[in-house]
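The same subunit A turns up in both complexes below, where it pairs with subunit B and then with subunit C.
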Partner chain A sequence: MRSYAVQRAGLAVVQLAVLSVLVFVLTSLLPGDAAEMRFTETLTPSQVAALRAELGLDQPPAERFVHWLGNVLTGDLGTSLISGGPVADIVRDSIGATLVLTLTTLAVVVPLAVALGIVMGTRENGGLDRAITSVTLALSAIPDFVIAVVLVAVFALKLGWLPATWVGGDLLASPALLILPVGVLLGRTVCLLSRQVRAGTVAALNAEYVTQARRLGVPRRQLLLRHVLPNAAVPGVQELARTGDTLLGGVLVVEAIFAIPGFATALVDGVETRDVPTVQGLTLVLAVAALLINLGADLVCNRLVPRTEALR
Partner chain B sequence: MWRVSEALGRRGFLGMAGGAGLAAIAGCGADGGAAAQPKQGGRLRAVYAGGGAKEVLDPHVQSLFVDIARHKAIYEKLVELGPDLRPVGRLASTWEHDATATTWRFTLRDATFHDGAKLVADDVLYSLSRIVDPAVPERVAQSSLATLDLKRSKAIGASKVELVLTQPNAEFPALLAGIGTHIVRDGFKDPAKPVGTGAFRHVSFEAGRSLVASRYDGYWDEPARIEELHILSADSEARATAVQGGQAEYANDMTATFARTAEAGKTVRIVASKASTMQAFVMKVDRPPFDNPDVRLAFKLVADRQRLVDVVLAGRGEVGNDLFGKGYQYYPADLPQLERDVDRAKSLLAKAGLAGKEIEIFTADASAGFVEAATLFAEQVAEAGVRLKVTTGSPQTYAKDLLTKGAIGNHRSGAMPIPQYVTDRLLSHSPFNVTHWRRPVFDAAFAAARAVTSEAERSAKYGVLQKTVRDEGGILAWGLPDYLIAVSAKVQGVQAVPPNTLDQGRFDKVWLA
Partner chain C sequence: MSVLRGAAGWVAVALCVVPLAVAVLGPFLPYDARAGLPYSSEGLLGTDGLGRDVLGLLLVGGRTALGMAFGAVVMAYLVGGLVGLTAASTRHRWLDEAMMRPLDVLLPLPSLLVISVVAVGWQASAPAITVAVAMVNVPTVARLVRAAALDAASGPVVEALRMQRESWFTIQLGYVGRSVLGPVAADLGTRITLAVFLVASVNFLGLGLSPTAPDWAVSVSRNREGLLLQPWSVLAPALLLVSFTLGFNLLADRLVHRSRRLVGSPA
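Entry: the complex of A and B
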């Protein structure tokens, strides 16, 4: 298992390097640069040119990349071209809201999806299975922003029960701000995850060892929790890692709709203002997070069902 | 409101209108609840289009409406602009100039900074030197104040300052009312610790999110009624939901679509500053086919302005007459409206050999209505026998790209004094000369007009120049959109005035009923 982890870590470094180059090249290909983005018809072209020199944007791209890389290797994410402050500050200021949002979603989605999956799996093709399947599938088929608009229109604007947006709100003072965004994110993830748990449950229930255990008279409750769930959870945990990625995509939409000042908002701002160091820094952090989540999921699966050699 | 301003413009022409009278009459433009008694206290949350990490607390580095609103709460300028874009005194109570309008003396008001220090002439001189510091290129007023000669400028006692220019300019007070010209304390270094003379004190600031400010009880111009002010950032959708959902009381720059929905309900009221910005097509006068004056005229004649206003602006605006600044000081209101004449346009285009030809219009989704306007205009131009092919560019870089790319494109302008518009866009060396209108004779005539100290005479000279631009220039100003603000029903005292003027976003004057 240790050599497996080392091998995966090595691969991760290569992935990060490729990603950094790719992000740099792609953001450099966008029309305009950070100095021009400040040109909103208030700065004259000569002021912009002076600003470009000040920001070092007149240096060759390769040189700028090497400079950035050198900083990153010493643990410095660089300086934002727009705010003039450290990129690390932007990461720090924006990561909180996104973490709260995704962790709350996961805290709700995991028990919910596991419970639904087991309920469906143990009643394969029964009425309840079909009902839950229909609802979760329907929810996952509707785009996030449609769910969001409907939820806002009904629960915030019409009924006035919940806040419509994070603008003018403070999470500590009104945790209710989380309800609608988490609701939107649930729509997508619950379906995917519960389908996997259902499939795992069905497969496990049909496995020979379960038949054998049944024959031996293992009580149903013990059978489900001890024998079925760990096996059923394997596709679930792997799906959970992918859910992390789905969530990131969903968070992008949700942050935009509810005006949540999170990671995705910072990233979009960074791209729009051609703030290359910020985009680089944020994607690097995201990539590291994604790699860690996937690595973690694989290791958890490995631990859950040690015999799954295929994972190595 | 507009009509009031126009009337004032004409009176100003005769040299009769004073700043105080203007403000009093402009008060008629205040929206509803005029009879209600102002109430004290409460918190007001205002939402503006945000700029993420671009947002700044430094009042000399600003470009976004949200920055301007925030800085206005904390800081003040020597001069501001009235509802018709005429300079009105703020921290400067009065001013006078020498015979050539080269040396100016501003008398300072008895104002106190948030830290208790009195405003003195040295604060003004320090602020100006900070603005024009060439080492910091993003201080926005640098180019407009380029003719300020600080070496020869000086304090005359504590409450008077003498500013000297390198060339005569009767419009100097308006330049001191420009973007990024706030007065800071002498020695001001750290923008993160703002100290101004404005109606609100800084409490906290987070770029891309919020400014929180509290009422400053020592404010010279009657302390604010509200206790606490939040100026927040959010895109158009979030502004709409915030003001509808009761999470904000004031939402700046709303769309015509939203205004229609909001007006159907009871929770939100729309305050519209009529026809206070400009939408135009701009033709480069040095590029074919628009280097031919007949083609420019033909395009102006073929535009169905009313339809553009009805469709693109959803009817919230007025038709334009190919000139910037309708209703503002110096606007030649006596010029007749150019009417549509497809037949004449057709014959002019045929004469220029363009019948059946294709021309490209360069547009982008850079501002609301740009692409729609270009697309609709293509249909109108087709009626005169010319095909207009719509090509779209990058929204973020469009403003800059348009300076060099394409022969015809979209242009919009917010409110600013007419001479400033000319300086920015219509002189040979103007930084934003999007029509490539470069005529040394025009430059010289404008410089001469600007130096004339008699307002009536100056106005007449500007009038002639504007007529030339209208008749021969490349600006096809088809529409003058209303500037829309949404407020929750309990907000009172919001003025319907153009953006960038004193009474817009004046949160010290509003109250919560």
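Entry: the complex of A and C
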């Protein structure tokens, strides 16, 4: 167990190192640098050159990378080209709303998906299983933004029950504001996750150790909770890590539609204004988060079912 | 094709074919799109926020909405499939490791991150976004193909073929490649849906095509304020997208069930 954790953490460190190079290379070697991007219309070539020197863009790439990485390691993510403030501030200001949104969604998704998955899995091919399966299959095929646009039109614009966009203030202080965004985010994640839990439950119920446990007279409740659930949870937890990807996509869309000033809004703004340092910083933070989530998921899976080999 | 058995199979096919037909044939139809006032009800489906004919936009907007996704999946399979096949069939363990390990590093990267980074440099460029979506898919495709090919590649048939001095290509593409087709077909269904999703999300967010493009996802994004004024400007492109992903999802689901039944493992 310990050696697996050490190995897996080692992989994460390597991933982190490669990732930082990748983020830097991808964002720095883009066609045209920041100085050109922003100011060609208003500045003369010599002024652009001066600006480039000021931003350190005239240094060779390797040198710039070392400089950038050194700064990142000390918590300095660079300076935004648009606001002129530190990127770390942008990260700090925008991360709150995204965390609230994501954590609220997860708090609803996980219990709901596990419950649905077990209900479906224990009634394999029964009427209820078929009904829920068809609904989740259909729901998971509808893009988030379509659900969002329709929900906003019906509940916010037509009926006027819920606010359509964020108007300022604390997200936590106004739960009504969270209902529609979280509702949109729920759709696909619950579907994807519950189907995995269902598949896991079915596989576990058909396994020989369950037949054996049944023969030994293990009560049904204990059978489900102690023997089936941990095995059924493995595909669920792995899917949850992958759901992070779906969820991030959903969060981007939801923040854009509801004008929530979160991480995703900052990222899209950064892309639109070609604010390379901001995109660099936000990408790095999000990618590190994704790595950690995957690391966590693999460790949890290994703990649940020690034979799982996430590492090849 | 037992995938098609029953009414549900044909419904799924119909759901896929309608948007596909619109996307492929639409640009060639002699439809006379006339401009009018924003969100008016002129024409069959009214006009959008810029006063353009909704039906006319629909006919040309499918090319990017579906074409970019298909292009990306084909590209991902060309690159990932080759990497996976080579990694599975090589007798040098270091080569396998050298090809697959770097992909493990890329695996947990959120796809929209990669795409936003690409979008900073190449704005409103359909080819760049297509390549980015393909890149995002390469690691998983390579893993899938490698895993599927591993059994066949290390089995007795390949050994026999080798002893008969068959060429690398005959063995790989003729035998190993063919045995991979089943899992690949099952994977294609979900992968294409996800690619359509990803391309649509990117375009919806304005990270991809320009905000005036006729693309279906861009249309949904651009006209969403006008949903109550001229519902078709949003609903028609949205319905085409949903119809395609739903139909493809259903087909993929049936395919997966069928291949499981054939293999005989508990579903």
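The definition used in the following text is that the second predicted complex is superposed on the first by the 234 of 312 C-alpha atoms of A that agree within 3 Å, B and C clash if a C-alpha of one lies under 4 Å from a C-alpha of the other, contacts with A are read in each partner's own complex, and residues count from 1 in each chain.
Everything below uses one rule, namely that a residue touches a chain if its C-beta (ideal position, glycine included) is under 8 Å from a C-beta of that chain, and two chains touch if they have at least 3 such contacts.
Just so it is clear, the structure is predicted and the values come from calculations on it, not from any experiment.
By the touch criterion defined above, A:157 reaches both subunit B and subunit C. Of the two partner chains placed by the overlay, only subunit B lies in contact with A:269; subunit C stays clear of it.
When the two structures are aligned on the shared chain, A:7 is found in touch with neither subunit B nor subunit C.
In the superposed model, A:261 makes contact with subunit B only, not with subunit C.
In the superposition on chain A, no contact is made by A:222 with either subunit B or subunit C.
Judged by the touch definition given at the top, the superposed model places A:212 against neither subunit B nor subunit C.
Subunit A residues 30-32, 152, 157, 256-257, 270, 272, 274 lie at the interface with subunit B in one structure and with subunit C in the other. For subunit A in complex with subunit C, the touching residues are 11, 14-15, 18-19, 23, 26-27, 30-32, 137-138, 140-146, 149-150, 152-153, 157-158, 199, 202-203, 206, 241, 244-245, 248-249, 252-253, 256-257, 267-268, 270-272, 274, 276, 279, 283, 286-287, 290-291, 293-294, 312. By the touch rule above, subunit B contacts subunit A in their complex via residues 45, 47, 51-54, 62-64, 134, 137-138, 140, 142-143, 179-180, 206-209, 230, 232, 234-235, 237-239, 241-242, 244-248, 393-394, 396-397, 399-401, 403, 424, 431-432. Of all residues in subunit A, those touching subunit B in their complex are 30-32, 36-48, 50-51, 54, 80, 82-83, 85, 90, 93, 152, 156-157, 160, 163-165, 167-169, 256-259, 261, 265-266, 269-270, 272-275, 278. Subunit C contributes residues 100, 102, 104-105, 107-114, 116-123, 193, 197-198, 200-201, 204-207, 217, 220-221, 224, 227-228, 234, 238, 241-242, 245-246, 248-250, 253, 266-267 to its touches with subunit A in the complex.
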